[in-house]
Amino acid sequence: MALDKNGIAKRIAQELKDGWYVNLGIGIPTLVANYIPQGIEVEFQSENGILGMGPFPFEGEEDPDLINAGKQTITVRHGASFFDSATSFAMIRGQHVQLTVLGAMEVSQNGDIANWKIPGKMVKGMGGAMDLVASAENIIVAMMHSNKAGQSKMLKECTLPLTGVGCVKKVVTELAVLEIKDGKFHLLERAPGVSVEEIIAKTEGEMVVADFVPEMKI
Amino acid sequence: MNKVVKDPQTALEGIENGMTLMVGGFGLCGIPENSIAQLVKMKVKNLVCISNNAGVDDFGLGLLLQGKQVRKMISSYVGENDEFERQMLSGELEVDLIPQGSLAERCRAGGAGIPAFFTPAGYGTEIAEGKEVRIFNGKPHILESALTADYAIVKAWKGDTEGNLIYKATARNFNPMMAMAGKITIAEVEELVEAGTLDPNQIHTPGIFVQRIFQGQKFEKRIEQRTVRTKQ
Amino acid sequence: MNKVVKDPQTALEGIENGMTLMVGGFGLCGIPENSIAQLVKMKVKNLVCISNNAGVDDFGLGLLLQGKQVRKMISSYVGENDEFERQMLSGELEVDLIPQGSLAERCRAGGAGIPAFFTPAGYGTEIAEGKEVRIFNGKPHILESALTADYAIVKAWKGDTEGNLIYKATARNFNPMMAMAGKITIAEVEELVEAGTLDPNQIHTPGIFVQRIFQGQKFEKRIEQRTVRTKQ
Amino acid sequence: MALDKNGIAKRIAQELKDGWYVNLGIGIPTLVANYIPQGIEVEFQSENGILGMGPFPFEGEEDPDLINAGKQTITVRHGASFFDSATSFAMIRGQHVQLTVLGAMEVSQNGDIANWKIPGKMVKGMGGAMDLVASAENIIVAMMHSNKAGQSKMLKECTLPLTGVGCVKKVVTELAVLEIKDGKFHLLERAPGVSVEEIIAKTEGEMVVADFVPEMKI
């Protein structure tokens, strides 16, 4: 059975390592914070200028001066710090953030990502996405395997304007975990009950499939 | 070196049609509300606004868009604004979208006398079109140039009479770099104190970057995405 | 994310002969005294030290020079040190002199993922030899590259268990940029507190830049030029 | 009569304007702070990371964590601020500092300055001088007209390795105030009792001398 958004987030959370600083994009990536494995400590960076983000505030305790990059009211944990946008992207560009998780409209088999612009539609801007994907050593894309029209988002080549080139290392969808290396998708895991055939059918790009593809452990 | 002016009207004197303004803030957080209200009153037109976002329809820089005062926006993300979309699609409004980190660094560079720098952000995308590409450590980078402005308008939490500023939490965002990059920088603050009151060790923006400072009458501080959890 | 180590010995584990170290401080102000003492004990050799100054004969980085542990100094000003002069003139010690502002900016660039930037400093001088020159706004600039280090060793006033740092007065100087530019950054602090004790708004170096932190046993804080006035 | 060091500093202090931020080099320039004209306020920046420097501390009140770029113990005035070296040179390079006063070994008629290196002698380094001279809009050199060997330091071309090119606007020596423009020295003022002839004799570079050269008012 395909995962829901929380399932995708849960699976991505398994990638977290103790001591990592992590930047979570808007949407599914944000949910990752809810599933930090026991026994490890990670710290969340938000590119508007905060390290050590905590959960949403209790009602009545919102502080308009304290938001995340999604403009949501948040809180801070012990040991948090605030800084300006230049310092924030110094952290990102300087590869001090160990993992970036973000959404995408398309990913190609050589790791290109498109997630900011659909020609002919209103363009809202790339925000920090281009800096994040160009800088992070370790990028995981969290997205659905296909778009609303049913077309694969896992492509030979992106058709939409790119956000970054050759930067995505891993993709987690409702169907599968895929690694990108040597210009191909590599199927690492499939969602519980999802068949390899379904994943192949829904993946337009070239994909390497081993004889045995384990089920995700969620 | 007293930089205090009595009100937004005095603070914004000299801003004219066609000028380039940097406006601090991220979303509606840390925006110079009182100065924006004054820009609306002044009816200055054809502005080029450098600001990470463009406000919402009825608040922040959205108010300037309503009055068709902006010719061009230089931003990283401009959603949440119907009037913006209308003007952009009709061609009334020019929009230059810049990766957020490059925007921040370009403002800092403008203030720091660094005319250009290389960054990996945007390589291989349309942002890189026409820009010099160079490989460092095996990785392609593009050359980005500094941004400056005729006036930078920033918002701080506390400020003193010499223009030293302290921001609060994530309301800091773009304000410090923009303060550096304005030919004239105007700061509106929630609390204006005498020089010597603030700890010199805790100043975020040293007064040298600020030419005029005033205490805002009122701060609405609208929240864009109110997210809460419920007490168990 | 506890980064506390118990002593300088543990903090400096992994530093080996031939490595590049950044060492914070300006003159003898804000230098990591306890770590320098430990480097002397470790007898690591052939170090490349990036530090604005080279200490005095019997304090600061001068101690490493006494033990002939330094192969190369990258600094902006290296006076006040006889042993330094002797080693330099005899050719034992390589010295790379860099304008102070370029040194600071190159460290920041190294930490910020900016591989190179243009600056006017040094144009037309021997510093510019072999460097690309480009004119911006009618003024020639030279291209300078980022600096990084295997280890950066910084000194702060207060620090917490997550590595957040606050510096005191002008003891801040190069420490924040070097903290950014070290592959591994070690901070020695006068006062080490629990995470949550320091105000998140007042952190100078966010903990993300610091991998190890310890409280120094003792700080001599020697004054290089004691200048006073007499009470009337 | 030629000025002494304090006289040079006093004359330079007359150039200060209300509201200026000023960086003073080591030596004669430091003395300028003692002669701020009445009725104006200036603020001193020191490139090691301080704005709003005050006088030396009283004995027993020295703080080893509070020094100027000359490594001297200092105090701060109300409204001071501390910052890191990158921010300090951002102020300098970004031309937020209105005036730089520094010493020199040689100045040429096109505004070149040499003040950091004598070939064959121990080189101590340029410190912040190259950043300061390359950046400041307004640079005043404070120095003696001749060196200890009696040779003019006001040259057609510098003979020593340069610190900066075409950057010096004004020179104040024990004998004269000179402006540099259009590739020549222009004699603006002479020290009280010093003859124009003496200044001409001691200036190797080309110098434009008006019919009437007023005496400095110290």
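For reference, chains read A, B, C and D in written order, and residue numbers begin at 1 within each chain.
One rule holds for everything that comes next: a contact is a pair of C-beta atoms (placed from the backbone, for glycine too) under 8 Å apart; a residue touches a chain by one contact, two chains touch by 3 or more.
This is a predicted model, so every value here is computed, not measured.
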Chains in simultaneous contact with chain C and chain D: B
Which of A-C and A-B has more C-beta contact pairs: A-B
Chain A-chain B separation of Cα centroids, rounded to whole Å: 28
Cα-centroid distance, chain B relative to chain C, in whole angstrom: 33
Distance from chain C to chain A - Cα centre to Cα centre, in angstrom: 36
Computed distance of Cα centres, chain D from chain A, in Å: 55
In chain C, residues with contacts to at least two other chains: 105, 108, 112-114, 119-120, 167-169, 200-201
Touching two or more other chains - residues of chain D: 50, 76, 82-83, 86, 89, 92-93, 135
Complex contacts: residues of chain D adjacent to chain C: 46-50, 55-59, 61-74, 76, 82-86, 88-89, 92-93, 112, 122-131, 134-135, 161-166
Parts of chain B lying in touch with chain C, wherever the complex brings them together: 105, 109, 112-120, 134, 136-137, 141, 145, 166-169, 200-202
Chain D - residues contacting chain B, complex: 19, 21, 41-43, 45, 50-52, 76, 78-83, 86-87, 89-97, 135
In the complex with chain D, residue positions of chain B that touch it: 1, 108, 110-114, 160-162, 164, 180, 194-196, 200-201, 203, 206-209
Residues on chain C engaged by chain D in the complex (per definition of touch): 26-30, 52, 75-79, 85, 88-89, 95, 97, 99-105, 107-108, 119-127, 157, 167-177, 204, 221-231
